[in-house]
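Just so it is clear, A, B, C and D label the chains in written order, and each chain counts residues from 1 on its own.
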Amino acid sequence: MAGNTFGNLFKVTTFGESHGVAIGGVLDGCPAGISLDIEAIQNDLDRRKPGQSAIVTQRKEPDTVEFYSGIFEGKTTGTPIGFAIHNTNQKSHDYSHIKDSYRPSHADYVYDQKYGFRDYRGGGRSSARETASRVVAGAIAKQFLGDMKINAFVSQVGELQLNKNYTELDFSLIESNPVRCPDQETAAKMEEYIKKIKKEGDTIGGVITCVIQNVPIGLGEPVFDKLHAELGKAMLSINAVKGFEYGSGFEGVKMKGSAHNDQFNTDGTTKTNYSGGIQGGISNGMDIYFKVAFKPVATVIQAYDTIDKEGNKVATQGKGRHDPCVVPRAVPIVEAMAALVMADYTLLNRTIKL
Amino acid sequence: MAGNTFGNLFKVTTFGESHGVAIGGVLDGCPAGISLDIEAIQNDLDRRKPGQSAIVTQRKEPDTVEFYSGIFEGKTTGTPIGFAIHNTNQKSHDYSHIKDSYRPSHADYVYDQKYGFRDYRGGGRSSARETASRVVAGAIAKQFLGDMKINAFVSQVGELQLNKNYTELDFSLIESNPVRCPDQETAAKMEEYIKKIKKEGDTIGGVITCVIQNVPIGLGEPVFDKLHAELGKAMLSINAVKGFEYGSGFEGVKMKGSAHNDQFNTDGTTKTNYSGGIQGGISNGMDIYFKVAFKPVATVIQAYDTIDKEGNKVATQGKGRHDPCVVPRAVPIVEAMAALVMADYTLLNRTIKL
Amino acid sequence: MAGNTFGNLFKVTTFGESHGVAIGGVLDGCPAGISLDIEAIQNDLDRRKPGQSAIVTQRKEPDTVEFYSGIFEGKTTGTPIGFAIHNTNQKSHDYSHIKDSYRPSHADYVYDQKYGFRDYRGGGRSSARETASRVVAGAIAKQFLGDMKINAFVSQVGELQLNKNYTELDFSLIESNPVRCPDQETAAKMEEYIKKIKKEGDTIGGVITCVIQNVPIGLGEPVFDKLHAELGKAMLSINAVKGFEYGSGFEGVKMKGSAHNDQFNTDGTTKTNYSGGIQGGISNGMDIYFKVAFKPVATVIQAYDTIDKEGNKVATQGKGRHDPCVVPRAVPIVEAMAALVMADYTLLNRTIKL
Amino acid sequence: MAGNTFGNLFKVTTFGESHGVAIGGVLDGCPAGISLDIEAIQNDLDRRKPGQSAIVTQRKEPDTVEFYSGIFEGKTTGTPIGFAIHNTNQKSHDYSHIKDSYRPSHADYVYDQKYGFRDYRGGGRSSARETASRVVAGAIAKQFLGDMKINAFVSQVGELQLNKNYTELDFSLIESNPVRCPDQETAAKMEEYIKKIKKEGDTIGGVITCVIQNVPIGLGEPVFDKLHAELGKAMLSINAVKGFEYGSGFEGVKMKGSAHNDQFNTDGTTKTNYSGGIQGGISNGMDIYFKVAFKPVATVIQAYDTIDKEGNKVATQGKGRHDPCVVPRAVPIVEAMAALVMADYTLLNRTIKL
């Protein structure tokens, strides 16, 4: 209830602060009998980890996951999978610049107001470091999902948009550049732009597009737990996300119904896919695709005024090693959350008929 | 789990199909001691009901709610509030045009695939008629919330946008026109446009903006259950919704962090509000505002080809009395879902400190 | 959370007070495609209803269930089944004897303390009338369970015990006498005893034994949600229940492990069944059996002293038409709750393997 | 859902097998601001740990808990408390005697049937080792509960009963003997008896009584989530438990209502307490007391016949270092589960009034 659990049947509970001993989680409800590829899990963690390229934060955290339970002789046992990632970058920092003052557009102020005090060593629980635990659980979900393929990629950085439909893209190129944009030309421009922003000590927002393919028909529940509603919540729960749209999205509001309707082929597939693979909250077997908007990271390496706990104005200077643009590292997080949703609904769908 | 319940502590479970005996629900967890204004509840239902103006469906349904429990001497008792709205428009229609064929971009096809069969009399459970039950529960939530004010309005119909910031608007004008747009000039244009679309037998999408004011600081949970994640899920669970954004939303991705950060005033309020009243998933006391994108309704009154259960192509003709544009009637639904989220998080917030 | 929902996947939410407009509920998660025998549901309600024999309360309530949704052409649709039982016995009673005073061993006092006030017309939500809604949901669960057979019967009234193992009994005799004890001789003694107690204006406790047969192997979860733990909670949630034991129960503590262990036959069945059909929280395919202890009903038709809201001593006189012994009418309630648990775990068990 | 989580608002999720790397858990929903006494937590673990006396298993496991998150400067932060207890006793045992055969009255057989295979190194997830994680969470719950006092003790071993009402006992004597029975004379007899049973290579059952004092009025929900129903589930979820009764329990069924009713004193307390401190599922401020029945442990150090996976009869010999009687070590587990229930309902009770 305090919101550290995601999913109902295939569900993960995470724990850990950015500057504590360890982060980690418990994945409960993962079916028995899955042959786990541990390397693939670590590989997704590596896609998320700091320091992987010149355009992300230069913090060094190996983010090595240890499994404590739920796996025996290489297979899941059906019992909860406990895991931890020890924090290696815990050295006693100087927090004096944030201990008593509130960084704008961070959670510092609301934490103090909500809980009465806060762990001032970095973002605590609101740090995006928490998402490493999601990546572990999501990587297991991917393996459970088998043929269902989930690919996320960067489709916008600031004003720079990837102006191609996802069907024109080669997903195997996503990992070929540090931006994780599968169009090399656009990726190069984005990379350059992010470097420029970084030099300014500033940050910039971006958009991630995610495509889910080979989806069975019938996943999703008709009313409150529509498939896209849960995907939306999953994405909006990722740090810095400000918007979610699927299928025709916000642009679709401008269309007429006669044009927007996806006419059937005789095999049940549709000629167009404005629905984004989901109708009435239930997957129809077409590709699911959606977009996730990320705001510019709040930590800028510039001087600014803010307030302290007593409401006094204080001059401060942003410092640290932060991401100039969060989307390249957020790609595996988007995939992980999508995988968790699809795994959960896959299990739920087994229960609906006699 | 089958997704007919929304909320954790202040939670509503709904039941009912568009062409069954009744729809209704159970609101559980509503605190004891609220003096209920039953008229205000019926008033919100009337704002949602068909036939209220020339630009909505002309079906006649009085939508009168009956309360069965949970209220005694005008006050909530803390026990579950059971309620029902009997369907009065159940006369035996001719369903032959939809019984064996699938309407495009409706849930017909996926229902048959998911459950093995479906209630072919209208949309069954996927009909937006279900949202009447949400409006009842949401209207009670509003009364629980007291001073917190939730106002939704139509900000876009097709290409027609209301080009004003919400702070420039007079919310008391929302109900002054059938579109529910608080700018009379824009509302008139929208109304005319919807009438034109209706004449064509077509439909058009739209956007609803919602503003929540007088929000206490501290509502929302830091990780999976961020306040905006739950608001997003709530909105995406409404029929025809394709997108959700809050604060700076999709436009915010183009901004630099230095410009996007909301600098503090010495009283803890912020000079700008790109955050949309939520930081790190927790309300900061500023106005919460978000946008919800609705696709054009799938039922068009035109001839088109589709397929039947055996995959044969069949020529069909849309008929019935449907909304040319769903957003005017969806305004109270958006408010209701927002109220349910805020009520749930208000209760949860009582449990977080010693 | 406020505790009006039972079950996770096959789950019922109930509403309604003893003296309100109606009681009822929503059964969510019931799989699609079950051919419902409505008469069988009403039959279970009739087994629970007041006035059915000389040894139960003489109140007259027909307890006719109306279904509002979730059933189409005689089959469940997979959507929530909403139902209500209107209260016909609502005539304006004289509540002056209980309005301001607290009946001992009733919930009157704790309700006032917990909620700040209470619905003083009878027991409100704590009335056993609520269990009629459980019987409806449980009767549907029984039909979902198919071959699994659930039989409950009265095995003790006061000091009178049925001294036979359940395997010696003919369950078809349960309904042959008003006590619902499948041994005619013991039943006759119990009936006479209850009549005597009734004449005294007093009440007496009893025990119900429940046997579940044809249980598949593998139902139940190993840790917190052990099958017997959920059965125990289900039974303890029934009004007036003070104890639950399964298999060897409290007597089993006196046995040595070497005698208590159920040795295997070569087909996986066991020679004895001290385990009560459940090992490590998981069904092993043997009969599940358990006992449920009911206290004597608190309402006695005698004069006694109690206190009013201000703590003043008041002399009062119990009146009304209450059960001298609750167990005959509680038999279908025990069966209903058992069926709900078994249905829930049957669905859950579909999700545990790859 | 897979049943590794207990509680709704104050909730613990546990992980770990008896022979894996570590066991542990995540406590979510623990309010912020509790000054934690870590030593008291370790102390409860020590009361549960093997090897503590001559009458328990002689396995050596230090059971040292490590905290990973949720605590800052000695106080809970309101974020999830992740913790682990590394298994130090993992040396590669010889499991050949159990790998392919099923121990009677253990979960071996049902695990294989349910999941398709099992972790044959000891009991895996069904080992009582899992309860160490519960003790950690429960010890934190105790500290949250403040003045509410929870004392459990051994009241029966085999046929040997402690024939005193709990009000006659001095709880400070519970820890004065290895049996954890607060009556020295009875404790001595029990100890001797357990030693005798151990020498025989056999095991014996027992009963634990638990008393909760200083309980506020109003905890518990009226219908499915009655306070005693949740306490019952909590106790029945502990390994080897076969029965639960509270207040007058199974003996109460023999009483008449006129005698069983707890008459009020003018201050709202009652003259007797057959209700066991709970009326209508809600605490009434009197002491809560209940009994928990434990079967004799299934592992006996004797020769017996059983079956292997193919259903062949195999002669085997029980070995290992197991408890001859489980109740002395189960005392802190009963207390922990009781504390978790009381903490959960304490938080829930904050949400029920306007």
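Keep this in mind: contacts are C-beta pairs under 8 Å (C-beta built on N, C-alpha and C of every residue); 3 or more make two chains touch, one makes a residue touch a chain.
Note that the coordinates shown come from a computational prediction; the quantities given were computed from them, not determined experimentally.
Chain centre most remote from that of chain D: B (centre = mean of CA atoms). Of the two interfaces, B-D and A-D, the higher number of touching C-beta pairs belongs to A-D.
With each centre defined as the average position of its C-alpha atoms, the distance from chain B to chain D rounds to 46 Å.
We define each chain's centre as the mean of its Cα atoms; on that basis chain A and chain B are separated by 26 Å. Between chain A and chain D, the centres computed from C-alpha atoms are 39 Å apart.
Listed for chain D are residues 1-2, 4-5, 8-9, 14, 29, 32-33, 78-79, 114-116, 125, 222, 348, 351-353, each touching two or more other chains. Those residues of chain A lying in contact with chain B across their complex are 1-6, 8-9, 14, 102, 104-107, 109-111, 113-116, 123, 125-126, 130, 156, 158-159, 197, 200, 202-207, 217-218, 220-226, 228-230, 232-234, 236-237, 239, 242-250, 252-258, 260-268, 270, 274-276, 279-284, 291, 293-300, 302, 304-307, 311-313, 348-349, 351-353. Residues of chain C that touch chain B in their complex: 1-2, 4-5, 8-9, 11, 13-17, 20-26, 28-29, 32-33, 66-70, 72, 75, 77-82, 84, 114-119, 124-125.
Across the interface of their complex, chain D is touched by residues 1, 9, 29, 31-34, 78-79, 144, 222, 347-348, 350-354 of chain B.
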